[in-house]
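Several structures are given next for inspection.
What follows is subunit A paired twice: with subunit B in the first complex and subunit C in the second.
Entry: the complex of A and B
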C-alpha cells in the first residue's frame, strides 16, 4: 500500500491506540518500534524506563555466525552416529579429540576440532515440512499467514545495534528470499542479502567507466542541485536521504568495504575453507565478523536426501566438514572464537528407517544441532537419542530453547515483551529456556 | 421518469434495498446528511462530468469546513508541472514521458486536469499501478503458499481492474471462489490458495483486509483490548470451515499404488510427476457445504466446552440465518460485501482516500474499533455513502477524489506532526513507492512501457484444458510418459557429463585439436537432443517452458525490463524493487518507504549507469536527437523531473553538457540521484 509520511503517522497512532490496552494487559513497558529500536533509543539521550529485569545480561558473545543446513541434515550420518544399529547404513563412527564424543566418519576434520563443539543431540521440532520447519528454526514461532516473526539477526540489531557504523550489521549469504528477515520489526533490521560470497556487496563500487574524478564531479552537482530542495522541504524524510547518500559514499570509499572482498585472502586460505560456495561463505563470514558485522548467516543446501542418502550426505558433509573445521580453527587462531558464537542449525533430521531408494525421509522428532565459541564450553554433548536415533532419550531441546540459548549468549533480553505493530505481544524466542549448562 | 440520484439518496433508502442488513438496519449508525448534490437521472457509465464535479466539490466543501473549524488555511493549487507528475505517479504508477508532457502542455482546455484524470484511470498503466496496490494488500504472489502457481490469480486481479469490476463483486468472487484454479476466469480461487491449509489465518486476514478489523488475537484467546471473543472468531471461521484446497491427481488408489511400486523398483521420477500434475490438473478450491466448526481442544472459557460444535455466526450486525444445506459462504459473502455493512464500505472508502491523499481519515486503516473516530467524520460519512452511490466502482470513486481541489493542492513544506490528525490543507511530500521508482526509471529506457507484458497463465490454462477430461488410465499413461522422458533426459545428462570429463581430460593431456572438436561436437548434439525432447515430448515441461511466450527486453544484470506488475510477485530479493521496499507479499500492506543505504548504492552505481544512461535507452536516443546543449538540458529536466529548468539551472547544466561527451549523462545521473526525483511533491 502507499507508504508515505503517513505510514509513520500510521505506526505512531497504531502504537498509541495499543499503548493503554497493552500496558494494562501485559503490565510491561513497550519497546519503541519507532526510531532505532531499543539500541537506538538507548543511544539517544532519552532514557526509557525498562521493566525491571529486562536489562540485558552481560553477553558471552558479541557476534554470531549462523550456518544453516537447508533440507534437513541427517543426524544419524553426521553428529549422532549409531554404529552397529540396523538404521546406521554403511556409516561408521570415529572418535574425536573430545573425550566420549564420536562423530560420523564423514566428518574427520570436525572430529579433530570437537574440543570446540557443544553437540546438541536432543533437538526436536514440531514441523516436518521444509518451509514451516525452516521458519520455526529461524524464528521460534510456527509459520502463520497473518504475521512474520523476526529472525535472530534482526533481534540482535533491534536490541543491541551495530558496532561498525559503516557496514550493515546483519548479512545473509545465499539465504534466498524466504528468509524471515526482520519479520514485524522495522525493515532496517532486515539482513542484507548477498546472493553468494564472491559477488560481494552489490553496487558498492563505481560503475565501470566512471572514474573517481567523474564520480566526484557528479556528486558535487547532485549536492548543489539538492540544496534548493532541502531548503524548501526541511523535513526529516528528506534529511534521511541526504544522510543516506552521505553514508553510501562513505561506504564506497571505506576500507571496511574490503571486508566483502574475498580476493584479499591468500589462495591457501581459500583452499583451506574449500573452494566452493559454502567454503567461500564461511570465509566471508569470518572476514565480516572480523570487521564487526554482528550476524552472518551462511546456507548450505542439498540435505534433503530422500534417495541415495549416503552418497549425498557424504558429499554435503565433506563441504561442511572442511568449511566449519577451518572456520573454527581460523577464528580460534585470530582470537575471535571466544567472542563469536558459531551455530549450526537445520530444520529437522532424517528418518532412521532407510527407504526404498536408499534414502532417509524427513524426521523432526529427533535431530542434532551445534553450538561453538562465544562462551560455549567445547567438547560436550547435550542430550541423547535412543539406540536407533528415533527418539530423544534425555534432555530434549525444543527449538525455542535452542534459540533462547543463542539469545542468551548474545545477551539479549529473553523475557522482554515486544508489541508487534498490530498489537500482539511477543518475546524473542517464544517461551524458550536457554541451555545455560552449555556455558 | 425522474428520481433522485443515488448519490443524493438517503442512506436508509439504500439500506432498504438489501435483504440481509434490512433485518436490523437501525443498528447501522446513521451518518449526517451530506451536502445536497444535483439531481440526475441515474449514474451513467462513465459518470457524467457534472456529477463528478458535484461530488468533488462536496468533498472540497467538507474539507474546507474542517479547516475553518481548526483555523487552518488551504495551500494554493499546485502548478501544472507538479500536478502532472503527481497524478501520473498516483494513477499510472510512473512519471509521464516527454510525449505525454508535451500533449498536456498543448492542451488549453479549462478542464484539462479533470480530463487527464479520466484518461489515465482508463489506461493500461493504471492497471499496473492498482495491481501493485492490491498485490500488497492481498499478499498476492506468483507462487501461492510456496507451492501453487499463482499466475492465474494475478491475471484475474489485473483483469478485474482492467474491466473496472466493482469492488464488492470482486471481494464476493474471492470469498465464494471454488472449482479448478486453472478453469478460465476462475483465478479468484487464488484467494484461498494463498492461505492453503491455514483456514483460520485466512479468516483473520479476510477480516483485517475487508473489514479493517483485527481479529487475529481472538484466534487463541479473547481479544485483550477489543471486544472480540475467541468464540466470535470460530463462529466466523465456521463459514469457511468446509472450504479447502485440493491438489490431487485423480487416478484412483490402485493406480497410485502401482505407480509407487514402479517408483521403488526403478529410478523413474514418478512421484514428482504425479505431484506436478496434481498441482495443475487437480488444483482446486473445494467446498463441502459444511456448516459448523469444532471449538479447539484448548478452548478455555466457561461458555462452551472444548471441541463443541459451533454454527457460523457473523461477528457483528443482526444474526444471519444460515441455511442448513448448501455453501454457507453465500450468505457470508453477501453479508460482508453489503453496502450497509458499516465496516466494509468505510474501509474501502478510507483506503482509497489514503491512496490518493497519503493519509487516511482513520489511521491505521485496518485497526477499526467501535469508538474509532475519523479526523473529519462528516467527510468519512460522505465518502462512505459516495462509495455506495457509485456502486463500489473504484475507478469512478478515484475519478472523484483525483478531481478534487484537495488532491491538487501544493505540497506542504512542513512535515505533518506524527500522531496528529491531518486536515488536508496541503499535499504531503512523500517518497515514491518502490514500484513507482522502478517503473519511472523504466519510462526512460523502454518505449511503450505500459504495453510490455510479462508472464501470464495462458499456457498453463491451455495445458489444463487439453488434459482436464482425461480419465485415470490416460493420466497414468501420461505420468509414465513424462517420467520416462525425464529418465531418458537424465541418461543424456549423464552421458553429457561423461563427455565433459573426457574433454577436460583431453585438455589436460593436450590432446589433438580434432579429438577435442569431436568431443565438443558430440556434446552439442546431445544438448540439442535433450532440449528438443523436452520441448516436444514432455507436456508438463512444454507448458512451463513456454512462459513467457514473448521474451521481454533484458537489462544488464537486472532481468527483464518490465514494470513491477509484470515481474514475479514479489521481485527477487536483490532486485532494485526490493531494495526500495517492495513488499515481500508475506504480510498485509508490507511495503515500506524506509531509507536504506543499498538504495543509494543502487542508484549511484547500478541501473542508472548500466541501463538508463546506456546505449539504446530512450533517454540516450532522445539525447542523440536533441540539437544543442540547451535543448538537451530542457529535455532532461522534462523527462526526468517533469519540469522546465530555471534560467540558472539551464545555464549551469548546458555548460556541463557542452563541456564533454559525457556531459548529458552527468546531468541525467545527477537529476536521477536528486531528492526531487525520488520525492513526490
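Entry: the complex of A and C
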C-alpha cells in the first residue's frame, strides 16, 4: 500500500515536471486552459474568491532583479540607522525624500530615491552562519544534506516560463558555486551563471573554423546517435542533458545576444552605475531584464565586517548606493520599474555590539531587506527594531514571508504543493505569508 | 511597413464588432429589469418582512444604505459589489445569494453586472450609489470603468485556441495574466517583422488581450487603429517604435489602459495631450520621445492622476 502511494506520487511529480518542461516552450502552458477543461474549473473558482474580497491576483511584476549582499549586511549602518544610540558607532542618519524614512549617511543617493523603496526592517533569520543563512534566504528552507531546494528564479521558470524564446530566463552574475540554483527541479530551471558582468557571456559564438552547414550537420549527427537512447530512456537526467544542448544552440543563434554586451552602453551610463563589478552587474541586469530575462541575481560581497566595520561598510555602501539608485532611476525612466521587482537581500544583519576590532559580528535576530518596483508601494517601512537595533519590536518578518512576498509579486502559486523527486511535498516559500500591505 | 487602407478598415470593423457583441446595446434599467429581479429573488429576505443582515433592497435609499456588512454595491466596481459578486458563488458556498432557491441565471447576473458597471443609476435619479473608489478618477466619466482586470476576466470568454497557436508559431509569446482568460501578449521576439498578419490574429483574441508588448517592432501609426480597438487593453508597450501623434489618436477609446510606454518614440506634445482623456491611465513614459518639458507640464496639469516619467 505504502509502495503504491509512493509510486503514485512519483508519477504525479513526473507529470508535473513534464508539464513544466512543456511550459518552457512558447504558449504550451495555455493549452489546458484553452482546451476548456481547466477553463471551466477556473471560472468556478474566480467568483468565489471575488466575493470573499481576495481576488485571484495577477502578477504585479513580470521580472525580478535580486541583489544579494553576501556576508551579512549591517542593518544599523545602512537601512536601519540608530543615530545617537550607543550601538550606532560614528554613523549618522539622513532624511530621505520619503516622509519619515531615514537612512544611513552612507546611502545619500538611495535617500533621494526612497520614494521607490519599501524598507523591511523587521527581518529575522534562524541561521547565523553564512552558508546556511544564504541557503535559507534563497530557498526559504533550512539547508540539509538530503535535498537541495530551488531558488526563486527556478520557481519562476517552473511556474511561469520564459518570455524570451532564445535567452535563458534565469541568470546569476557573480553568484558563486553555493547558489542553490534549480534545487530538486529539473536542471533547465537552473540559472545561467555569469562570472562577471564585464566579460558577459563567454564562448557563445560558433568556432570560426566551422560554418553553419557543418555545425548543423554535426548537431544532426549528435541527434541521430542519441535518438534511440533518448527514446528508450525517457528520463529526467537524459532529457536534462538533451535540453542543455538545445538551449545552448538556441542561445548561440539568438538575436538578443547583444543584451550581454555592456560595450553597447554609452560611457555615461556605465559611469552612472559605477565603474565597478557591482555597477556593471546592475547595468547588465537592466539590459537583460529589458530583453525579457526574467530573473537576474547580482551579488555584492564583502559585507562580513568582523573588523573595521565602519570603513568597510562605507565602502560597500557606496557601491550599493550608486548601483541601486541608478538602477531604480534607469528602470523607472524606461517604464520597467513598474514591471520589475527589485529585491535587496542578505543572510543576516550585524551585531549592535561593536566588538574589540571595531567590527560587528553575525546577527540573524534582526536585520533589513528592501523591495522596490514591481507593484510595491514605495516610500514605506515595514517593521521596526528597538532603540539599539537588537530586537524586532514590531512586524517581524521571517525569511519565508519575505520570499512569499516575492512570489506573490510574480504571481506564483504560493500554496501549490510540488512533490520532490523522492516524493516529499513542498511549497515554494515553505509556510511563508506574503506581506500584502506592501503593494 | 505601410498597411493598405482597406485592410485597416476591415480589421477595425471586425474588432469593433467583437467589442460590441458582448455588452447589450440598451442600457440596463433599474425600473424595468433590476427592481423586478430584486423583488422576485431578494425581497423575501431583504424587504419589508425580513431584513437579514440588516439589509433591505426594496428601495433605492435602502440599497444605497447597505447592510450590517457595509455597502452592497459600488458603481463601476464589481469586486466591491456583493449584490453582484455573491450571486456568482457556487451553490455549496455559504455566502451565495440568493441563500434559498435556485441560483440566479446567467442572464440575471448579467443584468446586475451591466447595471453596476453602467453606474448603478436608479431611473429618474441622477446620482449613482457611490463614486467609484479609484482616487483621482475623472468625476465626469460617463460610464465608470473597472480597472480591475480580474473582474473583467470573469466576463471574457476563453481565447480562440487556433489564433493563439498561430500567434505562438510566429514567435509571439502568449501567457495568461494570472488565472482566467485575459492574456499577456508579447511581440518583442518575433520570428518575422511585425505586420498585418499579426494584427489579424490579435483581432481574433481581441477581448482577451490585456497586456500587449509591441516594443521595438515596426508598428506603424495606422496599425495602432487595430490596437486601440482592443477592449480590455490595460498595459501597452510601444517603446522604441516609430509611433507618433497620429498613432496615439487611435488610442482614445482605450477605457482600461493603465500603463502606456512611449519611451523612445516620436510622440510629441500634441499627441500626449490627448492622453489626458484616457480614464484609467496612471503611468506614462516619455523619456527620449519628442515631448517637451512644457508639453509634459501641461499634461501633468490637465491630468494630475497620470504619473509621468520623463527620465531624470
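Here, the second predicted complex is superposed on the first by the 333 of 439 C-alpha atoms of A that agree within 3 Å, B and C clash if a C-alpha of one lies under 4 Å from a C-alpha of the other, contacts with A are read in each partner's own complex, and residues count from 1 in each chain.
Assume a residue touches a chain if its C-beta (ideal position, glycine included) is under 8 Å from a C-beta of that chain, and two chains touch if they have at least 3 such contacts.
Predicted, not measured: the structure shown is a model, and the values here were computed from it.
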item	value
Contacts of A:353 with subunit B and subunit C, given as first, second, both or neither	neither
First, second, both or neither for A:163, with subunit B first and subunit C second	second
First, second, both or neither for A:251, with subunit B first and subunit C second	first
Touching partner for A:234 - first (subunit B), second (subunit C), both, neither	first
More subunit A residues in contact [subunit B versus subunit C]	B
Which of subunit B and subunit C A:431 touches, first, second, both or neither	neither
First, second, both or neither for A:148, with subunit B first and subunit C second	first
Contact residues common to both interfaces of subunit A (with subunit B and with subunit C)	none
Residue numbers on subunit B that touch subunit A, as the complex places them	133, 136-137, 146, 194-195, 198, 201-202, 204-205, 208, 214, 216-217, 224-225, 263-264, 351, 354-355, 358-360, 363-365, 367, 369, 411, 413-416, 418-420, 422, 428-431, 433, 570, 572-574, 581, 584, 586-587, 589-602, 604-606, 609-610, 649, 656, 662, 666-667, 669-671, 673-676, 678-679
Complex interface listing, subunit A residues touching subunit B	1-10, 12-14, 16-18, 20-22, 24-25, 131, 144-148, 168, 176-178, 181, 184, 186-188, 192-193, 195, 201-207, 209-210, 214, 217-218, 221-222, 225-226, 229-230, 232-238, 240-245, 247-249, 251-252, 356-357, 422-424
Interface residues, subunit C side, partner subunit A - complex	78-79, 82, 85-86, 88-90, 93, 95, 148-151, 153-154, 158-159, 161, 164-165, 167-168, 171, 173-182, 184, 186, 188-189, 237, 239, 259, 261, 263, 283, 285, 287, 309-312
Residues of subunit A that touch subunit C when the two form their complex	26-27, 29-31, 33-36, 39, 42-48, 50-53, 55-59, 62, 160-161, 163-166, 255-256, 292, 329, 332-335, 338, 411
